[in-house]
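Shared chain: chain A. Partners: chain B in the first complex, chain C in the second.
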Partner chain A sequence: MTEEKLSIIEALKTICEDLFSKRVISRVLAFTEGEIKEIPVVSLITNPEGLKGLKWDESCNKPLAKLLLGLKPKTAIIARPYDARAVVMYINENQLKRDDVFIIGVGKDASDFPVFDAFAKDPSPLQSAREPSPSRGSLDFFLAEIDRCILCYACRQACWGCYCPSCFMERGIPDWTPAGVGREAKIAFHLGRTMHLAGRCVECGGCKTACPSGVNLKYLIDSLTQMCYEEYGHKAGMEEGARDPLSDYRCDDGQPGFLE
Partner chain B sequence: MLLSASVKISSVKDALAALLKDYEVAAPVSDGANLLYSYITDPNDVVFSDQLPYKSPKEFLLPQTEKILAFGEDSAEDIQEAKKTVIFDVRPCDLSAFKRITDKVFSEGKFKDGFYMRRRKASATIGMACKSLKPGCFCNLRGIDKSYSTECDIFLTPAGEDEYIAAAHTPVGCDLLKSCFRSVPAAFSPEPAELSETLEICSEEKDVFEKVNWDAMSASCISCGTCTFVCPACHCFDFKDKGSVRYRVWDSCMYSAFTLHASGHNPRAGKPERFRQRFMHKYVYMLKNIGESACFGCGRCTRKCPAGINARRVLECIKAEAAGGSDG
Partner chain C sequence: MDESELKIIAFLCNWCSYAGADLAGTGRMQYPPSVKIVRLPCSGRINPLYIIKALADGADGVLVSGCHPGDCHYITGNMYARRRFAVLKRLLDDAGFDSDRVQFTWISASEGQRFADVVSDVTSRIKLLKTKGCEKS
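And then the complex of A and B:
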């Protein structure tokens, strides 16, 4: 680990120790060292002792925010910008209260964070999770990715935005899905999920990093993210109180819809 | 062992080509992102490496989705599809999962599963020694000798730079070795491996169920089910009717709909209960029911877990907590 990363870890430890000693928080959601160097462990640290194994490097690229759901009282999260954006979306969608989270941002610039309670500077953070998209008409690329998918739903489970207690893929009435694990079912799932995330994606890339098969269909969601920004000036999780375009219907809306 | 022979590594592709004449052949290939078992058409696509494909080869005996029944107004037809298949480069952990778990569950219990049994009967397995433990592997703590197995038709052990010793363990294996491989008879007496003590939870079922802090144990799990999909021993399934066809599909105890009753009640309502089910099924219930734990330490779940949950660590923690003080 580089000197730079070690000093970030020391800074994070100091912040968390202080929060524990002042009883501001009861746990920290963070990455810790595991037995396998390349695989950081997602941990809920409940005492200062547990901070010893804190880890911070490029491998710590899984989004953490979803694990905040249902955790009370206050949890601190060591957040990349996308985690902070997810927290804002949770607050906007009434899934989380601002007071229940303490956001410790780690990034290049504090202005990348829509909200934070403490900040540690990381001069060389992860590259943005967004990737160059294949051309929109690339059916071959799409089908190649679909064929690699094993329909395990890891992308959905890793996604902060997929928190429905019962996914449309698991509903019996009406039954949306073709039986089996053919292309039809996989396409129904991925396109359905994409539509549900229109204007709600915080660009964490969790769908891709969690996928056991390395499927990359995030570009579909990216294109809707882009469309929402161009049409509505909306970016998910950037502003407390903002509503995403799909849940903000107005009769006098002059903008075109997604499906036109 | 019925027969042993030496086989040049350079001739194995020719053997695969010979097998392709009569069999479907499944072998490790790369899809650009991962190494995985897949049906091949060209032996040159096969990747020879010490790595374990990211999914187990169980899909060739228990496909992720299979048609099992088609019915009309007054008829029903059992679908009996089983292609003659050779699964190539299967490691000792996966071979044991076939022999000791799926075979026992689907063909040796009270209920016989014709679909699995037909596939198993039509399949031959060619095993291969593992050179090293990969990150996450703990077969050495699960009673598996990574360098040798008899639970297959033919087992290949590297001998020197460009040779395998092929050991045929079944009549099918002898036939395949004679007919498809260019081999020279060679004596072979594998050295018994020195195995570490097997890591098992020794406590009473009730203690494991009650004393372990399953909330804390499962806290970072995101219920994605990846662990069950890549596991060679997980075999839970569900049925789905669509139109006039009944399908069997893999299920996963990590999913919220697993064991969900029609009434809406779920006896395993939350993540901790589902996490408990996965580990207790593997290491407690299966041991009690069929005399084998359903884990052979292949480490796939650990390598693919998005939350970095290490199965061996979890097993050690469960063992320790279950054996802990009486008030838990």
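And then the complex of A and C:
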């Protein structure tokens, strides 16, 4: 671990110890050293001793925010910008109360965070997960990715935004999916999931890293993210109290592609 | 290809577009027999998954229509619908599907002729796509 990362860990420890001693928080959601050096473990630290194994480097790249759901207050989360944005989305979608979370932001610039309660500077954070895709609009590319998908739902489980207790894919009535794990079912899953994330993706890249088959369909979501910004001026999780673009409207919205 | 062989699912709002289709019928206006109509209370009640499922289950095309903006029976249902449909259309394009297979429009209860025209227009577009597709494969 580099000097830089070690000093971040020290800063995080100081912040958390202070919070524990002042009884501001009762637990911290963070990465700790695991049995295998390269693979960090996601831990719920409940006392200052637990902070010993705290870890912070490039391998700590899993989005954590989803794990906040169902936790008792008050939990601190060591958050990258996308985690903070997910927390804002949870607050906006009434899944979490602002007062129940303590956000310890770690990033290059505090202005990348829509909200935070404490901040530690990381001069060289992970790169943004957004990448341009040359494949937009190619059915061949899309179907090749679809054919590699094994419908394991790891992408859905990783996504902060997919928190429904029963996903549309698992409903019997109405049955949204053609039977089996054929192309049709996989297409229905990915198009349906992408629709549900329109204007809600916080660009954590979790869906891509989680996939065991290396499927890359995030470019579809990225394109809708861009559209929602350009058409509706919306950026997911950047503003407390904002509604996501598909739960909102303006009377002068455009209607590109509609019949005259 | 015969137009009656085409399967186009039309999701119509009860208050305007369905009444428009009714008027086209009572007025004995001619339009292709390709559409199968599903009546819904409002265009805002049309889940994009309906459209995805219709296509996945083999429909050649989908037509969606509701009351004109400002005329929705539930005031704002079609305002929400408009965003949903614009986003869905972009998604279908991005995935490489011909988004021409999915058409959105507004038809009021008095626009029987417009309903007939829209169905003819959509049918010929989708017919064209299908014959193009046949040549390719």
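Convention: the second predicted complex is superposed on the first by the 247 of 260 C-alpha atoms of A that agree within 3 Å, B and C clash if a C-alpha of one lies under 4 Å from a C-alpha of the other, contacts with A are read in each partner's own complex, and residues count from 1 in each chain.
The rule we apply is simple: a contact is a pair of C-beta atoms (placed from the backbone, for glycine too) under 8 Å apart; a residue touches a chain by one contact, two chains touch by 3 or more.
Please read these numbers as outputs of a predicted model, since none were measured by experiment.
**Q** Would you sort A:238 into first (chain B), second (chain C), both or neither based on which partner it touches?
**A** neither
**Q** Using the superposition on chain A described above, determine whether A:249 touches chain B (first), chain C (second), both, or neither.
**A** second
**Q** With both complexes overlaid on chain A, does A:187 touch chain B (first), chain C (second), both or neither?
**A** second
**Q** With the two structures laid over each other on chain A, which partner does A:195 touch: chain B (first), chain C (second), both, or neither?
**A** The answer is second: A:195 touches chain C but not chain B.
**Q** On the A-aligned overlay, A:142 touches which partner chain: chain B = first, chain C = second, or both, or neither?
**A** The second partner, chain C, only.
**Q** After superposition on the shared chain, which partner residues are touched by A:41: those of chain B (first), chain C (second), both, or neither?
**A** Once the two structures are laid over each other on A, A:41 reaches chain B alone.
**Q** Looking at A:224 after the superposition, I want to know if it touches chain B, chain C, both of them or none. Which is it: first, second, both, neither?
**A** second
**Q** With the two complexes superposed on chain A, say which partner A:168 touches: chain B (first), chain C (second), both, or neither.
**A** In the superposed model, A:168 contacts chain C only, not chain B.
**Q** Should A:24 be classified as contacting the first partner (chain B), the second (chain C), both, or neither?
**A** Neither partner.
**Q** Once the two structures are fitted together, what part of chain A is touched by chain B and by chain C alike?
**A** Chain A residues touching both partners: 178.
**Q** Applying the document's contact rule, which stretches of chain C touch chain A when the two form their complex?
**A** Residues in contact with chain A: 48-49, 52-53, 56-57, 69-70, 76, 79-80, 82-97, 99, 103-106, 118, 121-122.
**Q** Considering the complex alone, what residue numbers of chain A touch chain C?
**A** 136-143, 168, 176-178, 184-185, 187-188, 191-192, 194-195, 198-199, 219-220, 223-224, 227-228, 231-232, 245-251, 253-260
**Q** Give the list of chain A residues in touch with chain B in this complex.
**A** Where chain A meets chain B, its residues are 31, 34-44, 62, 66-67, 148, 150-154, 156-158, 165-166, 170, 178-182, 206, 209-210, 212-215.
**Q** Which bits of chain B are touching chain A when the two form their complex?
**A** 31-34, 36, 54-55, 64-65, 67, 135-136, 216, 219-220, 222-226, 229-230, 240-242, 245, 247, 249-250, 252, 255-257, 302-310, 313
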